[in-house]
Amino acid sequence: MGFPLFMIEGKDMETLAFQGLVGLSVSMYLWLLAAGLTIVFGVLGVLNFAHGSLFMLGAYFAFTYYGLWGVNFWLAIAMSLLSVGVVGYFMERFFLRHIYHMDHAFQLLLTFGFILIFDDAVKMIWGGVAKIPPMPSFFEGTVSVVGRPFPVYNLFIIGAGVAVAIVVWLLFEKTWWGKMVRASASDREMASAIGINIPRLFTGVFAFGAMLAALGGALGTPVRVVAPGIGSAMIIQAFIITVIGGLGNLKGAFVGALIVGTVSAYGILLFPVFELFLIFLIMAVVLMVKPQGLFGG
Amino acid sequence: MKDIIRTESLGKYFGEMAAVHEVNLRLQEGLFTSVIGPNGAGKTTLINLLSGYMLPDRGKIYFREKEITRLGPDKRVKLGISRSFQVMNIFPRMTVFQNILLPVLSRLNKTSSAFSSLQSQKEAVGEAEKILGEVWLQEEKDFPAGELSHGDQRLLELGIAVATNPQVCFLDEPSSGMNPIERIKVLELVKKLASERKTTFIIVEHDMDIVFSLSDWIVVMNRGEVLAEGKPGEIRENQEVRDIYLGEEI
Amino acid sequence: MKTRLAVLILLFLLALLPFYAGKYALYVAIHILLLSIFSLGFNLLFGYTGLLSFGQAGFYAVGAYGCGKILLAYPSLLAGIVGGVLLAGAVSLLLGILCIRHTRIYFSMLTLSFGMMIFSLAWKWRDMTGGDDGLVGIPRAPLEVPGLFKINMAAMENYYYVVLGFAVLAIYLFHRIIHSPMGLAMQGIRDSETRTACIGISVQKYRLVAFTIAGLYAGLAGALLPPLESTVTPPLAHWSHSAEPVLATLLGGIYAFSGPIVGSVLFYLLKDIIVRFTEYWLICLGIIVVILVMGFRGGVVGIFVREGSRR
Amino acid sequence: MREKRKISRRAFLKTAVAGIGGMTLALNGGGAAAQEKSPAKPKPAKKVLGVDVIKVGGQGVISGAHADYGWQIQAGATLAIEEINAKGGILGSKLELKFMDEELKPAVAVKNARYLATDWGAHLLFGVDSSGSAMAVGPILPELDRICVFDHASTHRLTEELVYGKGIKQIFRIAAPVYQESNLAALIFKEFPNIKRWAGIHCDYEYGYSTWALFQDTLKKYRPDVEFVSIAWAPFWTMDFSSHISAVMAANPDAIHATPWAGEGVMLLRQALMMGVFDKIQAWFQCMGGSVDLLEGISNEVAAGKFKDKLWATARYIHNYPDTPENKKFVESFRKRWNRFPNYSAENAYSTIYVFKAALEKARSLKTSDLIKALEGLKIMTPAGERYFRPEDHQAIYAVPGGRVVKDPNYPLPILGDLKIFSPQAYYRNPPFEPLKMGK
């Protein structure tokens, strides 16, 4: 009773299409995580290993506000974004700011240290037992896609992903703040020369990235459990996405998320045995062929 | 005299901007040559191309009539081409002595020996000591290079460049960031090394007085192209050169 | 001279360990020696060549699985260990060719993904690796050279001496390498890649050599594990295991020869002791890492010694 | 070179010394500890067992998404020890517990076992959540010369390969292994003629593989007509199951057999609800679904009847079965002590301590060999019912039912109703064992 490596046979178009849609929702969720990571790297030049931990914090805060204090769901999300934004502010202001000049290795290590700290910190505050937040009623129910039930929630996630993509694009392309950020990203000396307050700007950018991570964590709470370590479980995927797309490149991250989400969705359907392996393989191959990532360099 | 370096319509382009364009050079062995020109004239790019630090988009490079256009920097060093950098580029965490020892070991093809101690490399150690002397750094030999004064780091940079015992050596602003007295000292040292070591130096330098007093041959670049070349006298008389340097007293 | 004396004292104390230390202490000592070998190899890449690898656990696992498979098939300690090391060396050479073209973050990410590929292989290739249950019941085979000698390894004391022997050998060779011309070339690459290329040294060649040696050391540490634990499981290849030599080395100091060794001692004892008092040992470790990166990149050795703290 | 050498000399000297310091200090510490705490040489005392305190070393996962299991083990064992000590201990010796986190990492479990046995001086070992950890700890028990009662890890290989096959007699298991999730499920669902198409959503590791394989083998025996139409494997730490669910639903199964446990089980079931799975299928068998943390996690959904009584589950013990005084007393005192319901891992640990008690009183000695003799063939009444330690493979035999997950007014959290009870012999694998084939 072994399972064939490749199980395309007997998979009709509807099935493939539906799986694709599911994959899309997975992708969009991953994109929420990858976006902040990418922005922070693109502007500050720091690959934030602890980005997943900020995602986890977002989930914990959302759980506390919505699940424990019974705050309105949307308000709870907003509050958790702010809370994590503040955490991000302190992280940048008192730690990262002092290591921009350092070798990438040390930046990676510092943020790695924060993973260890955050994972245990939440365990101290919320306990080691997984928390199970209630599901807001308006997320229940399904819509029929190619004759199969597709969850409203997953539709919402797809919407949220697209919305974030648009907001981020507008923010960086159309606003004065965005222009300043891009200027400083491309040339710090020049930017500070024309009077941009780089340190404050960077703190802002990092806090913004942290809030994006928190958004992912918070929006996950209705269907996921909240437990220590969910962050470090996500971060590797986020890394793969950003590296595939080209570190620091938002378009790349978006495409990377689409690739990873879709591949894992179809992988489960078609290559049940090697799905885990597949994603790392893709990343390695991309790096081999295009060292700077699909959109990088 | 015969060419040591020759280029055919050499070109390097960054998007629209032509950093180096249609450069046909003949650098003759034994001539102390300076490359001058206003900022952004393409001097550093030219050196990067000739030393293999960058690969050209167009054209060919010959070393003693052997084509080296696509050769990597390490291969070119083996042929006898060496360089120094405008932005300080030494081994900051190694001692001054090791900074010199490494290129010497490289020239003697000893760097692949994994288990012999450095002290046991008698020949290399001897040579390194000698070079340290030539660049006036004996006292500082055991300092970590990163802790040297700017001037001494410049000397070290020079030392590293000559330690591979090159036939032709490109120096990119060897005296940048130094006061006038130091400059003269360094450039006279270069001149001395040139005569003692039978090395052909090609230097990029801003201080016109020094350039015109030291050089046997001067190449003037502007906007990526060679504007003029010739003996100091000829260049001084050249109207175009005067125009691009207008104001400055040549 | 003084150095020699200190080393001799250290060796003497280690050689007599079984006579004054308890069973568990001996077990801990073996693990510390393994971590030291693992970290030394890692630091040849990081501290001496400037490449931060997050995939060393992959090679550690290759060494461990290799040794385990051999011992299960043919119970001879030497065969197992040597086989494991060679296998790890071969794999690291192969992957090295693909990795050394990259530097900085891209190198770290590529090694991370290769390490995780090995992890998922260990997890999925169950006929070969036994899946997540791993290879079970690996014998601590006798140390024998057919026709020459045969020493029983049942007692952990005996195995301790085998590990100690390999560790001392590995550390000695490492000392030779980093003080050799090749070692200097690697440090050159770390300090300035461009400069090294422009004095006629092939950067990629020595990166590859460093990568392979690091793989061999990881493989040795890994190959020495199965006879001790009698089990090999996939988590050995997981990136979180790759982080251990990173932390140990950072703790000890990346610019000093002895950094990774001191770091391994501290790291292991620190964890072992903190764990007994609190389940929150990670946060302590995290704080230590942050402090080290912010203030003491030379690590503990660097604090002791001026040389270490040089940037 | 000279100056430089001096520097690095000093570097090496100091650090070397530091090294020795650290090493010897710690090792001596450990050594001393080992000497005085070594249970090998009993202190001169008139105690039957020769010691004032019997040291019990346990471990389980008390961190991460599965932390509740370790907590439950700890809670159950602690309760039993408090009860026993209150009654004057075992043969006059009190019990002392030390509990460690195995982090679901075999290497850590082995290290803990070694620490507990050789440094802390444990006389008896128990615990371990993950199969990998169990398979790693088992083989070193002879070297440690300790028995270990495994009360959660469920791989059949532990007893069939290591005890029955390799003859490692120090291993005992008090918890029902994967038979519970596979064979029992098969016995229940052979009675449902309309359920012909089965799909699986399983853990992408040994537990999932063997459960799914065994389930198929057994069900096929009784029901040649059933098909196994699709399978999705979920790696550890899967948090978004939507791809898995849609992948298996694509084959229009009548029922689904699933292993993801603890927090992952909760996520799987909630996401299945979201994707309208329970409108389409006739039944869902959630292995270990009778576990308290899972029941708590889906309590609201059960109360709201969202699963349409199609959710079936089992566990290695369920707080509402059997209806015996032992069980009532256990559940009550557990709730009084911890103000929560006991999980199967809690009952297993609680009973483990009482198994130790029975064995010690029978053997009147702490020697491993005596304890093994005492335990083989031991019959003992526990909250989960009477357990019998099969001499061949040291597996405890006892009956645990499966049933529908339902809400009961008498309980704050869901229970298993409509219980299907079989004699253990019916669904346990019995010696001689031949290894089971797992294509995957």
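Residue numbering begins at 1 within each chain, and the chains themselves are lettered A, B, C and D in the order written.
Keep this in mind: a contact is a pair of C-beta atoms (placed from the backbone, for glycine too) under 8 Å apart; a residue touches a chain by one contact, two chains touch by 3 or more.
All figures in this text were calculated on a predicted structure; none of them were measured in a lab.
Chemist: Both chain B and chain D are touched by which chains?
Modeler: C
Chemist: Which two chains have the most C-beta pairs in contact?
Modeler: C-D
Chemist: Name the chain whose C-alpha centroid is farthest from the C-alpha centroid of chain C.
Modeler: B
Chemist: Measuring centre to centre with CA averages, how many angstrom lie between chain C and chain D?
Modeler: Averaging C-alpha atoms per chain gives centres 33 Å apart.
Chemist: Chain A to chain B: how many Å between their CA centres?
Modeler: A distance of 48 Å separates the two centres.
Chemist: Taking each chain's centre as the mean of its CA atoms, how far is chain B from chain C in angstrom?
Modeler: Once rounded, the distance between the two centres reads 42 Å.
Chemist: Give me the residue numbers in chain A that touch at least two other chains, ranges are fine.
Modeler: 123, 128, 273, 276
Chemist: Can you list the chain D residues in contact with two or more other chains?
Modeler: As it turns out, chain D has residues touching two or more other chains at 62-63, 204, 440.
Chemist: For chain C, which residues are shared contacts with two or more other chains?
Modeler: Where chain C meets two or more other chains at a single residue, that happens at 123, 279.
Chemist: Could you please specify the touching residues of chain A with respect to chain D in the complex?
Modeler: Its residues touching chain D are 1-3, 11, 15, 18-19, 22-23, 25-26, 29, 123, 127-130, 132, 134-135, 139-140, 142, 148-151, 153-154, 220, 223-225, 227-230, 233-234, 264-265, 268-269, 272-273, 275-276.
Chemist: Under the stated contact criterion, what part of chain C meets chain B in this complex?
Modeler: These residues of chain C touch chain B: 173, 176-177, 179-185, 187-188, 190-192, 194-203, 206, 209, 255, 310-311.
Chemist: So in the complex, the part of chain B that touches chain C is made up of which residues?
Modeler: 51, 53, 72-75, 77-78, 82-83, 85, 89-94, 98, 101-103, 105-107, 110-118, 121, 124, 144, 146-147, 160, 163-164
Chemist: Over in the complex, which chain D residues touch chain C? Could you list them?
Modeler: Touch residues, chain D against chain C: 7-20, 22-24, 26-35, 38, 62-63, 100-101, 105-107, 110-111, 114-115, 118-119, 131-132, 135-136, 138-140, 143, 155, 157, 161-162, 166, 204-206, 209, 438, 440.
Chemist: Applying the document's contact rule, which stretches of chain C touch chain D when the two form their complex?
Modeler: 2-3, 6-7, 9-10, 13-14, 17, 20-29, 31-32, 123, 126, 131-134, 136-137, 156, 229-231, 233, 235-236, 252-253, 256-259, 261-262, 265-266, 269, 272-273, 275, 279, 300-301, 304-308
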